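Below: the structure, in structure tokens.
We just call them A, B, C and D in the order they show up, numbering each chain from 1.
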Amino acid sequence: MATPLFQVPLIAEGRFIGLILDILIFALVLYYTSGDKKIYIRRVAGLDAIEEAVGRAAEMGKPVVASYGLGGFTYWTLAGLSILSHVAGLSAKTGTRLIVPTGGSTSSLIVRPVAEEIVKTAYTMEGVPDQYNPDDLPFLSGQQYAYVGGYVGILQRTRPASVIMTGSHWSDAMNIAETSNAVGAITITSGAYISNVAALACASDYILIGEEAPAAGAYLSDDPSQRASIRVQDIFKWIALGCIILGLVLSNMGINIVENLLST
Amino acid sequence: MAEILKNRQLQIAVMALAFLLVFVPYFIEVPALEAASTKLITITAIVNAVTLVLALQSQIRRGLNIVQRRQTGWYFKAYMIITMVLMVVFAFFGRETGPYHWVMYAIVNPLSSVNYGILAFYMASTAARAFRARNTQAMLLLTTGFIVLLYQAPLTGAYAPWLEPIALYFGDTFGMAAGRMFLISVTVGAIVFGVRVLMGKETSVLGVGKEEV
Amino acid sequence: MVTMIDYSITIVGAFLAMCMFTTLYGKSSPLYALAEESYIGFGTGLTIVINAEYIWRTGIVNIMKGDYILILALILGAMILFRVHPKYNYVARIPIAIALGAQFGLSLRTIIFSGFIQQITASIVPLFGGDMVTMLYRWTIALSVIFMMTFFFYSIELTGPLATSAKIGEYFLYTAFGAIFAQTFMGRLGLFVGFMQSYTVPPWKKPILLAAMFIVFAIIVIMDRTGMLEKYTPVE
Amino acid sequence: MSDNSLMKTLATYDRRWVYLVLFLVVVGPLLQPIGMPISVSPDTEQYYEAISSVEEGDKILFTLNTEFSGYNEIQSGIVATMRVFIEHNTKICVAVGHPEATGIPELVFKQLEEELDANGYVYGEDYVILGYVMPNEASVASMSQDFQGAITQDWLGRSIDDTFLSEINTWEDWDLIADFTTGLATTFLLNHFALRGTPMTVNCIGVMIASQKPYVDSGVYLAILQSMRGGAELEFLTGHPGPGLTAMDAFTFGHYMLLLFILAGNLGYYGYTKQQRGGR
């Protein structure tokens, strides 16, 4: 078992390195967003699919269904909202009807007004505020499976051209993805947990695996701060990789310094 | 007053303050801070519960619109609103027995189970459609998927016990590694995203893109 | 002793469940709408009850006991209701900002440990010694984690050895997906089998299940053939 | 039918056939069980060993961290485990971690009326139902440190003072925690009980196996029972065939059916789709 290397006064036991890592992330984001740094972002296959999907709907004169998940204000929800904002902008521009099912859990109640605001703003920014219809953000109860039942019903009745399902969808994601595929819609999804990702990878036309969803936002927008955050994430993956390799080598030589440091 | 409340900087400051009040006590042990942070969490939970009123307003308005326009199937929306009210009324007669109990067992439980269990169908049709050896990736997916599925059928276990170590190997190694890798990369992403929101860089989240639209 | 209440629960439950299953027919129908709106209606009712109870128990009761700081929760709650007011909707931004900050703090404070540090320490294991199977397992996990990680670099161009590593990572990932998919299928099949079983055990439920299946299926097919499905299905 | 049109059918059939066949192969064996043989996995043997080593008078915390839909999957494990505990004359305290689950203990004890009578079980003396007492981590933490402070009543509001629960103060006073879970408060039990040293077993739904198994390997849990299949194996080991075993036929058929559809799809792909696309 790993034993902490040292104890820092005032800081709770075993939480020092975590705090340092958090602060490091903050500092790195600050560093990369300041000034004008050009950062390369690898192209993620699912990204352009979003624009294509809205374009297809506009051509066919059918609606787009987009959702941001059913969690509270978590990382996934925020990533989903950020994509929703983009989709709403595209829909407003092309005059495509956008349906956003909302609800699904008690903790998502507070997210709902934010989503409304996002869609409304997008329509206003494109100069078509009168096309915004609050009834197209139906609230489908605070129960996960009642939400899904309603969602599936909407898909079957409106037969949308595209479905863009991001954010924190859990086991309900497969109901949506497979129904969407069955009604002939282009299906773009993002998976929030590993059991889901495996299934969604098979069921959808495009999947944003893991953090590809937020990376999608970075790629679509030219916002330097979004690109910066992708760079910071990469740096931390290097740190993780380095720690694992170094730890494996050292611990097999009988030196447990990496584990001990991490548990400090 | 209005100008102050509309101010975007104020919004970000309030958010950052709330964040720090919850975040910091986890690392720095000061009992008073810890108590304040617990209190703030309770307060937000109550605020969240109150938000239901907004969702209800929207749901009822949408339902009534459909009823008023006499859209096809409007009576379903009327029915929905009635059942909603009924459930609230039932709750007053106690929950262990009586109509509330009946609704839970006759309507809510079966329907929630169906929508959960129906996933078996969706998984099956997805597999039948997508498990095709199109390329190397799909071939690998197909192979491991096939082996593990075969092992999971209880009858196979009785007649082909040699399959067990192979199937377990795939799940306990590659599956486990994928889960771990996934978690690491998602965690970092989440923190970075959080930092961006707190810095006010994530304009979409606070609801208004450009000021006072 | 099977009571009338048991019968009524089974009959209504089986019928509505089969209505819900009609979604698999691929077309929306009035029967599906019935099940869907029942669930949304009663489900929303349930949400109201749970939330009202929460506000009462956690908020009001404690305020009456003297925990006056919780009055703030009610004030903020009232502020958020301004969302629907066309002119004063900006009032709602403050409570939303507070909720956002607090919920963020709550989720971000622990994940660096559970999602990052603990995952790294769990990956550091002895690679030598022990029996062959254990070693095979550990080597596979260690190599998989390393290769898969390279597949998830976004801000560098993947060339040379890194590209090879990412490719291997991708292959490992798909190998994993196969196994995970199969495990997930077993879980979902278990849920479905278990649910159907709640209508075959005890045996008196069997005829009810069969009748519900037959009636619902017959109605759907007849409605589809006669064009009534389009006519009576609600529009969105 | 020519070769090509058969291949075309295999490549392009309507997905509703998959649905219909799956429905029939599951419902058929449930209505008319066949009783095909099954094997018992090492995990289940370990679990059986763990739960049957309890002794008369042991105090057991029986936690149901499941919604109703999840209960359908793991009920065979719940009932079979409870039967073992009753047959060993242990003291059982049932606690639930989801508002929906408050109705589950009723269903479980209804199936075990005979065993309860045979062993002279009396509510209050030998078993107590607590209801929804684990809504969040804080509540589980306080249960582990100051049980009497955290819990004063059973689920119908009766005082627990006169029951065996009055002897429980901290996590050390439990002889075993048997958890049945779809997630929910299991992590909290892990943090505040199992990691401190309370013996704990887990019966989880299929989707959770991957995440729970490591805890058995590292010795935090005594044993794990996997999904409905584990429940069926446990029924087999205890010699009381029940819903789990009956469901195994449907389980086998469901899996085989999917394998057949996958095979057919690949035949169709190579025989038709790929040729249509010019071997791309």
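Methods note: a contact is a pair of C-beta atoms (placed from the backbone, for glycine too) under 8 Å apart; a residue touches a chain by one contact, two chains touch by 3 or more.
As the structure is a computational prediction, the values presented were derived from the model and not from experiment.
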Chain whose mean Cα position lies farthest from chain B: D
Pair joined by more contacting C-beta pairs (A-D or C-D): C-D
Distance between the centres, which are taken as Cα means, of chain D and chain A, whole angstrom: 32
Averaged-CA centre spacing for the pair chain D and chain C, given as whole angstrom: 18
Whole-Å gap separating chain A and chain B, where each centre is the average of the chain's CA atoms: 12
Distance between the centres, which are taken as Cα means, of chain C and chain A, whole angstrom: 16
Set of chain D residues in contact with two or more other chains: 15, 19, 23, 69-70, 72, 207, 209-210, 214, 229, 251, 254-255, 258
Residue numbers of chain A (touch at least two other chains): 15, 18, 22, 72, 74-75, 106, 109-110, 113-114, 139, 141-143, 145-146, 149, 171, 179, 182, 194-195, 197, 199, 202, 210-211, 233, 236-237, 240
Residue list for chain C, restricted to those that touch at least two other chains: 20-21, 23-24, 26, 33, 35, 39-40, 43-44, 46-47, 50-51, 80, 83, 96, 99-100, 103-104, 107-108, 112, 116, 119-120, 122-123, 145, 149, 152, 176-178, 180-181, 183-189, 191-192, 194-196, 198, 233-235
Chain D partner contacts - residues on chain B that touch it in the complex: 96, 101, 104-105, 109, 112-113, 116-117, 120-121, 124-125, 127-129, 131-134, 142, 145-146, 149-150, 152-159, 161, 164, 171-172, 175-176, 179
Chain B residues touching chain C - in the complex, by the definition given at the top: 2, 5-6, 10-12, 14-23, 26-27, 37, 39-54, 56-57, 59, 66, 71-74, 76-77, 79-88, 90-91, 102-103, 105-121, 123-124, 127, 136-138, 140-149, 152, 165, 167, 169-181, 183-188, 190-191, 194, 197-198, 205-208, 212
For the chain A and chain C complex, residues of the former touching the latter: 2, 15, 17-18, 21-22, 39-42, 44, 72-75, 99, 106, 109-110, 113-114, 116, 139-143, 145-146, 149-150, 152-154, 156-158, 179, 182-183, 194-195, 197-199, 201-202, 210-211, 215, 227, 230-231, 233-234, 236-237, 240-241, 243-245, 247-248, 251-252, 258-259, 262-263
Touching residues on chain C, where the partner in the complex is chain D: 21, 24-26, 50, 122, 180, 183-198, 200-201, 206, 209-210, 213
Residue ranges of chain A touching chain B (in the complex, touch as defined): 10-12, 15, 18-19, 22, 25-26, 29-30, 33, 72, 74-75, 78-79, 81-82, 84-85, 102-103, 106-107, 109-110, 112-114, 117-118, 121-122, 124-125, 134-135, 137-139, 141-146, 148-149, 171-172, 174-175, 177-179, 193-194, 197, 199, 202-203, 210-211, 214, 223, 225-226, 229, 232-233, 236-237, 240
